[in-house]
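Each of the two complexes below includes chain A, the first together with chain B, the second together with chain C.
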Partner chain A sequence: MSVIAPKFKLSEFIKSLFDNAFWGLLLMVLVGLPAVFMVLFVIEMPVINGELLTPFLALSWIADPSRTLPIVHAFMATDMFRIMAFPGFGFAALLAAGTIFIERKMLAKLQLRVGPFYCGKFEGILQLMGDGLKLISKEIIIPAKADKPIFWAAPVLFVATAAAFVALIPVAPGWVVADVDLGLLAVFAVIGFFPIITILSAWSANSKYPFIGGIRALFQMVSFEIPLILSLLGVVILTGTLNLSEIAASQSSFPWIIFLPVGAIVFFITMLAELERIPFDLPEAESEIVAGWLTEFSGMMYGLVQLGTYLKLYAFAALFVVLFLAGWHGPMVVPPFPAEILTEGIVMGPITAKIPGLPLFTQEMLNGALWFVLKTVGVIFFILLPRGVFPRVRVDLLLSLGWTKLIGLAFVNIFIALGLLYAGVLGPGGLQ
Partner chain B sequence: MVGELAGNYSTIVLMFAFGIAAMAPALILSRMISPRKRSNPVKFLPMECGQVPSGEGRTHFMMQYYPYILMFVVFDVMAIFLYAWGSALLELPKSATLPMMGFLAIMFGAMAFALYQSGRRRIW
Partner chain C sequence: MTTELPTTSEIQIDKPSLNWLPPGLGLQKVDERIMTLNVGPQHPGSGHMRLIVQIDGDYIIACDPDPGYVHRGEEKMAEYRNYILNIPHLERPVIHDSCNVLYPYVLGVEELLGIEVPERAKYVRVIASELNRCIYIMYWLAIYGIFLGHSTMFMWPAGDRELLIDLMEKMTGARVTHAHFVPGGVRNDLPPNFEEVCLRQVNYFEKRIKEYAAVFYDNPILISRTQDTGVLSRQDAIRLGTTGSVLRASGVDYDLRKKEPYDVYDELDIHTNVMKEGDAYARSKIPWLDMMESCNIIRQALQKMPKSGSVRVKLKPNPKGKVFDSVYKRVESGRGSLGYYIVSDAKPEPYRLKMSVPSFRNLIALPYLLKGEKLGNMPSVYWSLNYWPVEADR
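After this line comes the complex of A and B, so read on.
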């Protein structure tokens, strides 16, 4: 039971509140506002409606909702919005948080438990927020002989690398953070950083369990990188491009999983291994080596590693959707916007506010993002499912599975793709 | 041309930087609001399930990985060559596939040798 501190005095508490408010205001006036004006003076403002946007115009337009929209439109076209919000970090982190909650509830149902239940009125819906608050208020303990800079940097680098992976995923037509020609190779390059970060953090902890877990993670990720790379070659052969947006766009009539089921299965299994999910969760096997390479992480460092793990899970599931399940393609279910909304604006309630150009996203973009999210959630479900079903495999079985069977199947997949191309089923003159 | 290429890829680096910029404050904030008053040497010992840790943290142990390393060297380089061929396949004439098949045959030979070596457990 928690009690109020023994020396608590209400008057001093109120005084401290006023003190804090005073210092906050003073700092804002003396430092914050000048900083804001300096930034506004230096940054390049966009041209909107034929006028160069100045800080004065921007501030006066924000006061009027009907004139704010051009600013919002201009902001949504910037790289900053894409990185921070929609196809980038915010969107992925939201999906990752949803994944954590759904995993806990679904796993509990599979094992005839109730899972998180008390936090929040309905089915423990606020459990994740509670966990976050708990993690952020816990003390971070670092082992005495750890290599401190690397140990501190590892969780942040893990999240940042997962974010760089998310940057390559196209969510809807034209909505991708980094639309690069060699997107698939860039994905492989980013994936290659995960084992390095893992082994660095494991080495820097200077403790036995993290070290064993880190070595296992290194072996597992390196072994499964080869079948991962080879299993995607079939898609590249059939599409003739490495750009992920073009690969997704090429599946407008049928997804590649119909023609390359072997490649899809191999990619899915290697995905499980790269994500350290059961049945391949040897690097963090709880019943053998405490928590594997996460053993010495405490408090928010552990929280960051978890966030990075689930961002990576989202990114892999999204990559599966883009490569094999036709990305954003799907029947048009979003109704078209009425024409008067685009020209006249929306009439809201008793106060008539006419705001033309209100739907910030086009119909195609909304539909594409909807289908993409639905498919991604489906793939995430299948990634989570084995955790309630399968036991863990031994390390030698894991390695021989990766090196012999999956590589062989990946080559079978390549020959299937070549056969389809040369038999004239797909490619020029074929179905597409 | 080079600048344009770098501009395309710079958004990946920007996203990486945003990941760092958004997550490092979480650690700093946690360090600021979390309690860190009581301290004793036992608290900072490495985790060893309640036992007093003994020996080195970074131990040496055999992982019997050599045949797989051999295969990694074979395949990691090959896979990227295969991507160069696969992404240009639609523009190439069909006869261009034959040398690739020869290349693959040589690689399969190397793979078979490595698998044979990995099966000989007594030489590990």
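After this line comes the complex of A and C, so read on.
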């Protein structure tokens, strides 16, 4: 008699199918068909190559690769594709989902557990989907005394800011959503937004634990932003540019981590603090302040914050790769596109199809994206690893680490960069 | 004799201030800076209790522990059951340490009823109680790990604890609540081949817990977080009446297994672990060292145990005590000295039974330790007191 899982009856199931079909047909006949006819009545159908464009003709074109491939090419050149699919949200969300899976399985292996196991038959590969469904189906509870507009807006703003960060990352030569000349400054600006959103959501929840967590997050993010910005100055001094694509392109022969290891270490530690990962997860310290500034979020609002957190994690790891690990550069491992497909065509049974414009992506782009993903996954692995090894630090220890040690090390890094520059070893554009 | 009355100008009248509160109601002035946090009973860092914590910024200015959420009236229940039926419910307060919780009760009843225990049973009891001590400490350590945000230290002890739980299952038939100790010995004899299996498991267990040093006890972040926090001086530890690992971490060499040996502990060579610091780090390290000592005791006991013989004295049905005979027995449990005061009547049930539990004694120190600490130290100091909420409530 459970309400959540009512008893399954085949007759009711079939009846529901017919019901749906009936309403669908009714809607189509009463609304859909008149709308189509009205549109056809108003619009003049185009004539292409002497043929009237009918829906049948359009469908036959889609089935013809020589006609669809140029459309795909044109679509791939649009900003929409870049924002939604490849260097933008889709690619980042896929990597973030992979990160969550790797985190769970790796941590489980480290701790003598199995981790997600049943969902999706193979090693719990669909666990994330299950969690997402669970979060969507849960009720969203808003505290009675919360400042509701800001409380609702905070998760959305968090994801939007994380997505803005993702948009600045160049993945392969020429493949970046927003190729800003002051790219690194834009990154700093975006990072500066996170503490504001955190304190807004913490304050608007009007509850004690989110308030303490928000104040902690504010302390942590603001005090670690300074060494974060200072640690990247070395790279800017040596490359002489703020454009992230040009910084990545300048490392064609060697990555900057060889000359600026101190800066890389400082950036990595501040990155952990900005991401609120263990050992710097004080804003979410569960044994002290329940879940910190996330305490009052429920359902998909929490899910959105988690999505934003993992997008931010990907973006930071990618930034590390772009600035210190030579971005997309790496040995050419992707084989060149077989040229005989262009000249002789693909033999598919009785048909030999010649498809012009086939290499959708160039060899350089595929190779660059491959190396970029490999390096990013490596950096993400090292971001995840401390969670299995370290306990949480305390606020005073964290702040003293940020203000005394890391800022000092960041200045050491700047002096190393200046020394290399004035000694004439390196200059804008690489080795002198 | 004339007295000069004060003139009206000399009489000072208290002006009613805005902060005035009606007297006699126990109300306190509320400072704007001070925030009162109710940590628990529904909080991941509290256990089955509530800590009313007042914080000023990041500093705790007062902490008021509020136990009693899991009070089950064990002492009153014991007055309505006979000496044998009391066994299963008296081990419920700390099911992870069930042998040690039952130990003083069984010793007391044996003295009240005048029962002699066979030699082999005494050794079996020692082995069972030491194994149970390790099982309890592993559970405690797992929670200590997760309280500090160290998830590996939550999973490892919880997994390695299974080794000893399997051993106890072979020995008693139950994984957690064994009900193994009875007045007059233990319930069952050891299964065949138990000595070799026990030795092998215990050796492997000791090797495993030594690995915890690398990931937990030598971890620089852990040391920086717990050292010099919640320091309990030697005098305060004695004055507040703390026991067990808390007392030994403050530099007092006090172990009932050596001071008041019961059963065959006087025939075994026991080393007591004492640290002088008295901070949260020392309090968290002493139980870990105790586990290694327990492994040594188990090995000695396995060697010295008589290979055959009875493990249980046959009792009369419904044994009765003398009129108003009383006994107080205590043992060193996983948390400290645990005592039972039993008064017998000429009935099969005890007239009165009083548990003197170490958890409550250690909890008394918490308000003193947390005063002036940072909020981030609250979980580590709280759980380093080796406190089990259910036992404190009984």
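Everything below uses one rule, namely that the second predicted complex is superposed on the first by the 354 of 432 C-alpha atoms of A that agree within 3 Å, B and C clash if a C-alpha of one lies under 4 Å from a C-alpha of the other, contacts with A are read in each partner's own complex, and residues count from 1 in each chain.
Note that in this section a residue touches a chain if its C-beta (ideal position, glycine included) is under 8 Å from a C-beta of that chain, and two chains touch if they have at least 3 such contacts.
Bear in mind that the values here come from a model prediction, so they are computed numbers and not experimental data.
With both structures placed on the common chain, the touch criterion links A:L107 to chain C but leaves chain B unconnected. Judged by the touch definition given at the top, the superposed model places A:V393 against chain C, while chain B stays out of reach. In the superposition on chain A, A:V334 contacts neither chain B nor chain C. Legend: residue contacts after superposition of the two complexes on their common chain; A:P279 is shown touching chain C, with no touch to chain B. Put simply, more of the residues of chain A are touched by B, taking chain B and chain C as the two choices. In the superposed model, A:V290 lies in contact with both chain B and chain C. Within the superposed three-chain model, A:V377 lies out of touch with both chain B and chain C [touch as defined at top]. In the superposed pair of complexes, A:K208 makes contact with chain B and with chain C alike. Judged by the touch definition given at the top, the superposed model places A:A164 against chain B, while chain C stays out of reach.
Contact with neither chain B nor chain C is seen for A:I265 once the two complexes are overlaid on the shared chain. Residues 208-209, 290 of chain A are contacted both by chain B in one complex and by chain C in the other.
Here chain A touches chain C in the complex through residues 107, 110-113, 208-209, 212, 278-279, 281-282, 285-290, 387-397, going by the rule given at the top. Against chain A, in their complex, chain C makes its touches with residues 35, 37, 43-45, 58, 145-156, 159, 215-216, 219, 221-222, 224-225, 374-379. Residues 8-9, 11-20, 22-24, 26-27, 29-31, 33-36, 41, 43-49, 53, 55, 57-59, 63, 65, 68, 71-72, 75-76, 79-80, 82-83, 86-91, 94, 97, 104, 111, 115, 118 of chain B touch chain A in their complex.
On chain A, the positions that touch chain B within their shared complex are 79, 82-84, 88-89, 135-145, 152, 155-157, 159-164, 166-168, 177-181, 184-186, 190, 203, 205-209, 211, 215, 219, 222-223, 225-226, 229-230, 233, 236-237, 240-242, 290, 295-296, 299-301, 303-304, 307, 399-400, 403-404, 407, 411, 414, 418, 421-422, 427-428.
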